[in-house]
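Okay, here's the structure, questions in a sec.
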Amino acid sequence: MRSKLRGPSALLAALALGGLVGSVPTSTAADIPRQSCSDPTRQISLFAEKLGRDRIGYGLTPKSASIPGPTIQMTEGDCVAVNLVNDTNGRVSLHAHGVDYSPASDGTPHNLSCVPAHRSRTYVWSTHAPTVRQDGTVDPGSAGYWHYHDHCHGTPHGTGGIDAGLFGALIVRRAGDPVPDRPPFVVVFKDQTINLKKAPFTPIFKANLGERVEFVVIGHGNLFHTFHLHGHRWADTRTGTISSPDDTAPLIDNKTLGPADSFGFQIIAGEHVGQGAWMYHCHVQGHSDAGMTGLFVVRSAEGKMSPSTKAAVRRWKAMEGGGSHHHG
Amino acid sequence: MRSKLRGPSALLAALALGGLVGSVPTSTAADIPRQSCSDPTRQISLFAEKLGRDRIGYGLTPKSASIPGPTIQMTEGDCVAVNLVNDTNGRVSLHAHGVDYSPASDGTPHNLSCVPAHRSRTYVWSTHAPTVRQDGTVDPGSAGYWHYHDHCHGTPHGTGGIDAGLFGALIVRRAGDPVPDRPPFVVVFKDQTINLKKAPFTPIFKANLGERVEFVVIGHGNLFHTFHLHGHRWADTRTGTISSPDDTAPLIDNKTLGPADSFGFQIIAGEHVGQGAWMYHCHVQGHSDAGMTGLFVVRSAEGKMSPSTKAAVRRWKAMEGGGSHHHG
Amino acid sequence: MRSKLRGPSALLAALALGGLVGSVPTSTAADIPRQSCSDPTRQISLFAEKLGRDRIGYGLTPKSASIPGPTIQMTEGDCVAVNLVNDTNGRVSLHAHGVDYSPASDGTPHNLSCVPAHRSRTYVWSTHAPTVRQDGTVDPGSAGYWHYHDHCHGTPHGTGGIDAGLFGALIVRRAGDPVPDRPPFVVVFKDQTINLKKAPFTPIFKANLGERVEFVVIGHGNLFHTFHLHGHRWADTRTGTISSPDDTAPLIDNKTLGPADSFGFQIIAGEHVGQGAWMYHCHVQGHSDAGMTGLFVVRSAEGKMSPSTKAAVRRWKAMEGGGSHHHG
């Protein structure tokens, strides 16, 4: 599970990019928008389905809906056509952050892009790499840790859909960005829950010592939060990493997260700190006390969880389960 | 209305600036403060006037007060003398963010820089370009998307003045910064309003496809918000743009905004997405449901609003007007 | 008290660092964690002690506890062993942000790293400089404006300890970072207090015109705040400064601060604005009105406070003392 990344020479080449700006393709100031994918990179379906009494999730196949929904990954230049099948009794939609779409794929009532009950609709999301515009300024591209969510259910702003669980992560990478060794860990802070759950029922993410892992952190709802991870830290940049030791970006391990804010970062599991059961949590004290905590478990490089880490996980479950924030 | 910007060669020159640091003028560690503009770039007046029962605004001339007040634009190096004429029955002031001023222009009670009812006072704001200090560190200059507001009315911190509408945008540009094709769009998120209004009475900003437009976003009051714009995205930098495709700054379309936070960005209207009625709104769900939404309308390159965009604007007005957040 | 910083040539050398990346030492992807300091840079003690009825502070020696606790400063590469002596009747701990530590130094209940009443425990914090990893990515180092706090008292998340005052600043510098002329000014925004105090009992920080001073700003508790400083501004970077005039980082004088967020910056006292009594405050209007304000007093270069500054300080005390937010 070692990282399959570019070597130091590739990094040095990237650092030299400043001088290569002139070779970046130029574009007209406002490209003709693509109303559809003439040559879609990928066509996928998302099924909006009820999950118990008051929950709705997105799934890639029928009967597989989850909260958050499936993580969709693109690379700048990709165009994806997403067919949303609405298997619920109310209208729902897809509104994406970060990517390019025409009003028909805005996912909003006023742009007539909701999906009525038991109907389907195709949303088209395209992306683009950075270019230097004809006026010399830079179009910064589409790469980012984004997300998608309903914008039609309950209120014209999708409040009912978001409350029910209609949200997921959308990652757009730039060519050359490092890629993680495992599927991304997605954390949605919404009101006083993580992924609509409270500890000890929140996600326990697991990785092996030395693996490159990726967190995507998304806010939703009405409250503001701060995301904190123990034992690891990252840079407050587009990727969460820096490309040169003299980058001036802040290094952080705690970040304010408002509704629909999103960020992500990659870290090496246990780097400098070793195996263990590392908490991630909202650092608003009342929120962590109410159950907004989870674990990032670092096992041995061979994938074995040490006895002391196992014991720490057990203690965390008991500790978080003993409070007043029991689930259900 | 094409952008009148520097060409690619100017951009490349800017990118090369790193090597020119030694040529930036040095200054003493602490310049003698300018208590007044001996050679003011500009002298302006601001009139503080009642606007209905409980509102007060700033205007550049008598009887022209608005909320927000007029946008004041400077370039690093400029010095502006602002004569504040207080046409209200209470004390008011001007407190500016970002620029240089002596205590006499601080706009605060303890610095004796309020304006009593029916009196006037001149505030002096100067700005400076970046320099390398004699100790080798960099004075970062004054450029930014700033704002000004009252700091004396109602409470010693201007809470009453801000509640009434005494605030406006202050933009300080650096030589060479891109400039927009239209006057900046100013958005003030205060409590559960935009510019003290609720949808559908919030601003509908209009531009033509391909124009360079500028948003200035300011927070005030007691609540935290997130500003989101549909169909467009920007970089979390000083200007909202990047100067090189390998800049590590996050690309965002949603940003947390606390009281007195401010940021701005320039985008190309409809770039990659085309004409349409694009929402901007606070993404705190309860706030958008309460009326914190507006529209950014992208017309054709020739300035014609398409029938489908017109219809979307009508639907937005109906949709936002049907809620419980009616104005007044 | 002039700054003892690197000269322009050192700055230019730093700017050239991009080309030197290859010479930065490489490390294995995940170093073996240091469970203890075999060669500690420094060994210190912290004493957790009651301060009146419901307050607890950390101090470097018995009977010297303060709120916030002592500021601990490290340079990347340093390793510090901190012996926490618990002189209270409840369990307490040390949880540090930003630095490297094994689970035994995590300071949390589930990692069995609390200190029972009247016992002691040694926490080991190490730090590291940036390196290029074997896969070509960059380990960004440990430098930052961090903080430490209790994570065991009252609740498993240390809410009781933080409420009582168990927090302090932790600064990790990078070799070559500028250093301030005075001990850092530490500001903790917690609920509606600054360092658990309300104006006029909040800190009045003093410096001489032209001195390099450093603010460290930390959030705690349940509320979100914005930190604003009058007459001065900084860059939103790791150090609060930029190393080149063409850095794209935002320049700010107001910053959102959630619980456990932290940032810092260095400014030249009175640069461009001169002597005076400059307010710093939370810009949430209700919070500033409730007493979340303080002063940064800039004296003459020789250390004399001018009569007008003295008068402004007196007025500020009277102004802030007359409200409903009296202390106690």
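So that you can tell them apart, the chains are marked A, B and C in the order they are listed, and the count of residues begins at 1 in each.
To be clear about the criterion, a contact is a pair of C-beta atoms (placed from the backbone, for glycine too) under 8 Å apart; a residue touches a chain by one contact, two chains touch by 3 or more.
Computed from a prediction, not measured in an experiment: that's the story for all the values here.
S.K.: Treating touching as the only link between chains, describe the layout with one word: line, ring, star, complete or other.
M.R.: complete
S.K.: Fitting the CA atoms of chain B to chain C, what rotation angle results, rounded to the nearest 5 degrees?
M.R.: Rotating chain B by 120 degrees superposes it on chain C.
S.K.: Find the geometric centre of each of chain A and chain B from their Cα atoms only, then give the gap between the two centres in Å, rounded to an integer.
M.R.: The separation of the two C-alpha centroids amounts to 30 Å.
S.K.: Note the residues in chain C that touch 2 or more other chains, in rising order.
M.R.: 15, 224, 235, 242-243, 247, 249, 256
S.K.: Along chain A, where are the residues that touch chain B in the complex?
M.R.: Within the complex, chain A touches chain B at residues 14, 17-19, 21-22, 24, 26, 29-33, 35, 95, 97-98, 100-103, 106, 108-112, 126, 128-133, 135-144, 146, 155-159, 162-163, 219-222, 224, 235-239, 242-243, 247, 249, 256-263.
S.K.: Hey, which residues of chain B end up touching chain A in the complex?
M.R.: 2-3, 5-12, 15, 178, 209-210, 212, 224-226, 228, 230-231, 233-235, 241-256, 268-279, 281, 283-289, 293, 301, 308-309, 312-313, 315-316, 319-320, 323
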